[in-house]
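What follows is a structure written as structure tokens; I'll ask about it next.
Letters A, B, C and D mark the chains in the order given here, with residues in each chain numbered from 1 onward.
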């Protein structure tokens, strides 16, 4: 029987009407049967401060760390803030990476979809995030890259993905990611 | 009479015993008379969420924005978290950059000192931050670069900078920064 | 009388029909009277090798170094190769930066226009080049950034820029660059 | 019987006494039996120019492309020039990546060792190269990262690696790389 992989999805924007969140939801519906995508929320994580990371860290940190720990793989869906990773997403990365030696990310295969309202596809966020994931030992899907532009035109009034070429791209992208995950986690 | 410039100092680490904070304090004492350095705190800023950024944004956001607005120049003193800018500092950048068209950073000359406990001097944080500051229209001091390694060995028990070569470096660095600030803000 | 500034223009692509070269030529015609743009060729520079950089370096290196030395400012017009700076342009940067202590770039104000056939505007090349220019002490124009997409649709059969909005953008961009150059080189 | 993998080693510096070349040679001797390391030379590659890349490309390009094609995996050993990848190495990357659709790198697992005479370990070169390798679909070894500082102190008069901790590090690094290569190329 084929194995099923849990994918922890982290969305870089906190606003309710976030296009990235819409895209993450669309991705969950378009993924192959081998991948189960679930969003792990990052909005309640206090700013990382090592002084708080002792015997009783903030409950939100612990919950986040446990949720990611249970996943087999990582998918980041993110906008770009100021040509880099949004602060809230970087904070989640930092929370999950500590305390030293107990990162919850290490070894879990990962992929990034970046999305912008304009043409540039959040390239800057995409690659800055990749630099962190080298340190975190996340084997990264390299191709296809996913830079999605004109985010505002892709969804209908209910937040559903209406753009067919984006649907098709996502479907193939997630199939490739599924194979990547299977390879990296094979015995 | 020579002009005095207010420099808003942002420290990338929140822990009390932060070497970056020690370094920022040392810098305040070593700066030339033309520069007055004051730390603007970033620890109480809620994670950036556009939904909260309407008529009544969080008080901590407003206070941060006002503090930076009053400054003439920007100095970042930061460690590296996961080969990039610490989440809390990136969050502060994002808060100060919004709402669209009302960034508090634009046009203020800036400089970065990055510090690591190991040898690499937080190079990754330094340059990721620079990429954001392009977007924010901050004229950046290019040389000298300031990558400070072995952070743990530079301070005494009271958190004072004890390393003479680092003192000397900082003093010259801040003199060069003072000239940079004066040039960028000249009428 | 207003000062005139010589701008050394370096084009990142070597092919004859290069859109970047067309754009560089268009820029020369759209620049304000204070800026005189001239392309400095990089195609004949042997690959940088310190062993060759003694008493009699390759003539092409010497010619390039002298041409850049005479300029007051630097403009890079570049495509992206493999998400970074094209090898030939990076080689020119390396040639101009050596021997140690005798870089021809230091202190000359700079700007980057990046161009791609697709949508992403050669973002990766633009920012990788900026990282080198920190080391080379080139005060960089931060805003506006210039990421030009769909390069293939902007020129007519003779290689002239036919797109009006791009013309307008370039004109304003070069005016801003002119003010930047004047500020950085003021006594 | 265990499979043997050919590793194409590309060295970023062209000078004869290059520490990177010494390190590459040391690596060849310290690699596990499953990896056979051979340097592929990049010094004779003409600067990439698409106009030359037709029916009869330069012989050096063809030879380089064939040599890399025959390899199972890629190892880059590079210094940093101006906070980025040396021009000659970036040129080799560009040559091997073209013509479009016929890159010789795609799918071959890769790793980077970066080396500097100073403390910073050529961090900037290491990560800029990684950005290109995303585009080239090279599955990258993430951990351990290899930033080697104080390059000048590691070798004896004959260019042999004399530093025991570096030897040990290299040996473990190449064992991990061997497992990475095996995983990425498994049927």
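Quick notes on this structure:
The definition used in the following text is that contacts are C-beta pairs under 8 Å (C-beta built on N, C-alpha and C of every residue); 3 or more make two chains touch, one makes a residue touch a chain.
Just so you know, these numbers come straight off a predicted model, no measurement behind them.
Look at the CA centroids: the one farthest from the centroid of subunit A belongs to C. Across the two candidate interfaces, B-C and B-D, the one carrying more C-beta contacts is B-C.
Taking each chain's centre as the average of its CA atoms, subunit B and subunit D sit 36 Å apart.
The centroid of the Cα atoms in subunit B and the matching centroid in subunit C are 30 Å apart. In subunit B, 83, 124, 127, 131, 134-136 are the positions where the chain touches two or more neighbouring chains simultaneously.
Across the interface of their complex, subunit A is touched by residues 13-16, 43, 45, 47-51, 81-95, 97, 124, 128, 131-132, 134-136 of subunit B.
The residues of subunit A lying in touch with subunit C in their complex are 83, 119-121, 123-124, 127, 147, 149.
Per the touch definition, subunit D reaches subunit A in the complex via residues 106, 127, 130-131, 133-140, 142-143, 145, 183-184, 186.
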